[in-house]
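Should a chain be cited, it is by its letter among A, B, C, D, E and F, assigned in written order, with residues numbered from 1 in that chain.
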């Protein structure tokens, strides 16, 4: 029995609120159960130095947790003077995941800057960040299309992410904090709209996992991401 | 005429949502017009080294802006590796303001850590932070009382803050961003429950201000803070 | 009775030594009682990136304390790897205060960099910095005029600053360290040559201050700044 | 055809030199083709603060690249003042991988510090680091056993790692730099002595990868790690 | 002919002002020509962690230049967030030089912290720092003796320093900035009261220097330091 | 008797391995006894900002120690976020030493970046770095000549370095760690191919050193450097 009384293949309730703040070209609040993340997409009419004059754009992501988004207050990274390894790892993952569905040559010489800020954390913040940031990205691209800054969308597929794991011996979908902190294996999977895999990061926290576990987890991830993409589509259609 | 069509002495609509997140002992979302700030109060059962063994507590504050809380995206301070001078100045002000109504000897050897994170900025973030953080602080102290960690409240008054200024020659209350960025004088005032002044910081952005202007601004601030304290009381009474 | 046996409205003796060091375009040592600060104004033929090509100049300030300018040695900020919040707050104040009397469009595309370094601290270092730095700025501008780099002075008024406070219930002018560390209220006031207010920063260290206190403190500040501006004028006249 | 003329399932030649430097308790140079990494294991008779008094040990890892270990010189991280996100990600991975085969309660209150420094990089530095560091760890533990600091080994399995990928549409084992920089998918797999999976990190650099690709890559990884563990055993047997 | 019209073996005028500021246990302003440095010695009743409980004291030094102590304004190291390599090199030298004449076991478990801050730089700041700091150290030790904190002085000799060099082919003593910036060789020499050498750092800025040059420079240094020690003695005798 | 049983004037065995790694234009492993350092010379087709457009090149050096190159593991400077004063001092010395034999105007507007990374430290790492880096520099220049990037070599002499010291009262050549950590005086000497002195840095760790000691140490250094230059020549001749 999962602490949340969900079935093994059951996602937490997902809510996607677009236009959550008023300035960003894309501004999405995504809630996956008690995990709540503000994902914004900002358009910057510059590219990093290594891309100047190459006729293509860039997309990059940053991630942060509000100090008391967690059960114990975390130190504020800005006050500490550096981002933790975990933060850097997550923001690199978010950037790669979103770039996997964007044709940067169609973006022109501009950067889309994704910011994922965790308001409340209850497990799965990196995967919810990707799922929510895709919708913010979509809104930012729509803004560019609407303003006729670009003439064709550089986005060629959806991308969403979910965690899967082995909790008390059972493969389960979408771990919350209680599960995550005591599971044997935790795997984050990122897939595109046609369920092609773009990232898979699995870690055995306790016992190693078997080939059979792997297969079961990938099955669950496919199903979960299929649902998440439907939710993204519904949110975007609501426009 | 103010850009927002308010009268000179009119506050923006204020909303205070308590228990906005689930982990912090106090967690308040304050909205003053389009300015929205999450203020949390966290109890830490330690004091900084300079107070160890002195039988008293401490209260300190940190402040941050989400990168896209503003019209132009700001650089993330955690990625920059340091907090700006403006950030430091504001968080020092918030800390002093709240300490002015707390008897630290009644808190015991523990720290209350205030975090004010700006979700959306439309002027007056430092004053709204103080007004909201007071409510979060109150909730955190109630939590300590309820859990019988302390037996008497260390809070002996309310504290709230507001900005006043000279906009197009007229003294006005509670400047929004449009007013703030073109006013001649901007003054932040912090007062306690009986309207004693604890902080007053006025800056002439354009022409110097006269003694007469000062008097008019302090009058407006008193009135505004009287209203804000009523709003705090109502929010706290709602329990 | 003030610890220094001064009357409530009595400034400490002020001495302004121009040309204190040989390289800077303006180099002033200001002594206010035992507070001694070296204020230099350096001309840099560049402007910060945000002003390039805008046909105007800039003025900025930095502040530092020598490690043993105080009773207890302070850690060297350069060794610590960062400036404290207090330092940043003060240098921002000095910059704003001086810019309030300079027409930056008349300066041309160059920067005047003010450095205020505290040799010995006995209270009032931020206000003495402003009063001294104005004289250094004046000398630097005279240097530009003399070398015909600019044809008209961008300085259109004097600016000086003083602290006032409530010490043992009495409003007093120009607090020294002994007073400052035990006063109820400490207020720093910056005024221009015709006593227009450009900055007012008051903090209740102990009990809140009343409207009446505020009025008395502003009265004292006006009188003190009037005297300080006379002292600046005399120093500048001495050639 | 692979640029190195290897068959898809062929590892590069692996060489493990123990006792490569004289001070460290374990000091291994591992060469996988042209990738050469110095892996040391140092015993520190302390544990980090969060483990003090808990009766268990710790193992942590750091990773670095010599500036000219690569085709283009990289900036020295020590001179830059911070480790890159990639470095942090890799050293966290190495630490987790090695901890997965160590019973920290049998280590006593001490830390084994792993350092993996890349002398020459030709792809696969993170996986070679893990494979080499295991041998260094083994030597350090033997040192503790020999000196009777601990009475039973805390190591309960081997651990080794390899990369697999899809290069020009074909699943291949152990990518070198030429392959790595143009492959579609790159996956790093860490397994224990009985081929249980402890880490799997796959990234689609180009097109997403299919379930079929995943299966083929895991097959190759199993085979490669089986070989690597034999090489570790042979190196350790050599005394 | 030297730019300053001095003879090759002629020191610049040296002035040592004791008790230059009021807080430090030792506070000396040393002027060597136009080079002016404030040297303070502060007593700290702690030792660094590596010496705790070892029954001995410590002496360490820090060095800084005021931003406009030089012809061109230098960036403030505190604002830059780090000390330059040159600064670190100099402060390490000052510390070693002074420790060479102090018996740290007689100091007790306390630290003497030397601060050398350059008010105006005209060549020879590191050597003048050592010569001046010795006098400040002496005053700080006298303070400890007078307060009966220690019963015997830990200082067993004088220490002073001077630069020598080859300027336009001629060995000269005590280079000023004009000489220093165009000389072929620059050597800093530190000697004790009986002219034993404790540091010698020579650098050929242009052509290498010969054995003969070396001998001539050491001769000049001995003579210069003999004079400097007389000046130190006279200053200390003045009480 | 020296701990290593060498005679006072005897160098440790020196080995210079060229082309030690495959990417750098110059890549030398130098072993002086148990001290082993990888010295690379990398060509960068840029110059630092202060030299742009001046028609000359630059040479700069960085130095680092692998964390377990020493008996006790040292903290990794990249993880600490800064280079130590010792590191900065050494890398500045290496850069100056090599620049003393290079005509930068003949190098064209490019930089040669030297990296000296200590694999194993047993005393004399800074001098071995210079001796080894010269060979790497020579190889990098040969590479530029061979590729006809430059037409004439900018190198006009050899440069090598050695330490000398007073160990148990006897002047000795080439101190190893055991000697270095207990000697009275330690001096590093850098000379060019015709034994002109370019750097001499002597420190009395214990008793001051006499003029006679200095003479004896310089004699030893000349002899040692003469041998080292022969070893450099032989290594370079070997092709």
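Quick note on the criterion: contacts are C-beta pairs under 8 Å (C-beta built on N, C-alpha and C of every residue); 3 or more make two chains touch, one makes a residue touch a chain.
Note that this is a predicted model, so its numbers are computed, not measured.
Novice: Validating interface symmetry: for the copies subunit C and subunit E, is the fraction of residue numbers used by both over half? Same or different.
Specialist: On the two sides of the subunit E and subunit C interface, the residue numbers are mostly the same, over half being shared.
Novice: Give the label of the chain whose average Cα location is farthest from that of subunit F.
Specialist: Using the mean of the C-alpha atoms as each chain's centre, the farthest one from subunit F is B.
Novice: Comparing each of A-D, C-E or A-B with B-C, which pair has over half of its contact pairs in common by residue number?
Specialist: Of the listed options, the interface copy of B-C is A-D.
Novice: Express in whole angstrom the distance between the two chain centres, defined as the mean CA positions of subunit A and subunit F.
Specialist: Here subunit A and subunit F have centroids separated by 50 Å.
Novice: So what's the Cα centroid distance for subunit E and subunit F, whole Å?
Specialist: Using C-alpha averages as centres, the distance is 28 Å.
Novice: Need the CA-centroid distance for the pair subunit D / subunit F, whole Å please.
Specialist: Centre-to-centre distance between subunit D and subunit F: 33 Å.
Novice: Considering subunit E alone, which of its residues make contact with at least two other chains?
Specialist: 81-82
Novice: Based on which chains are in contact, what kind of graph results: line, ring, star, complete or other?
Specialist: ring
Novice: How does the ring run, chain by chain, when subunit A comes first and subunit D comes next?
Specialist: From subunit A, continuing first to subunit D, the chains appear as A, D, F, E, C, B.
Novice: Flag every residue of subunit D that touches subunit A in the complex, lowest number first.
Specialist: Per the stated touch rule, the residues are 82, 84-86, 88-89, 91-92, 96, 100, 187, 191-192, 194, 196-204, 207-211, 214, 218.
Novice: Could you pull out which subunit D residues touch subunit F in their complex?
Specialist: 21-24, 27, 34, 36, 38, 40, 42, 44, 62, 64, 66-71, 73, 76-83, 87, 113, 115, 117, 119-120
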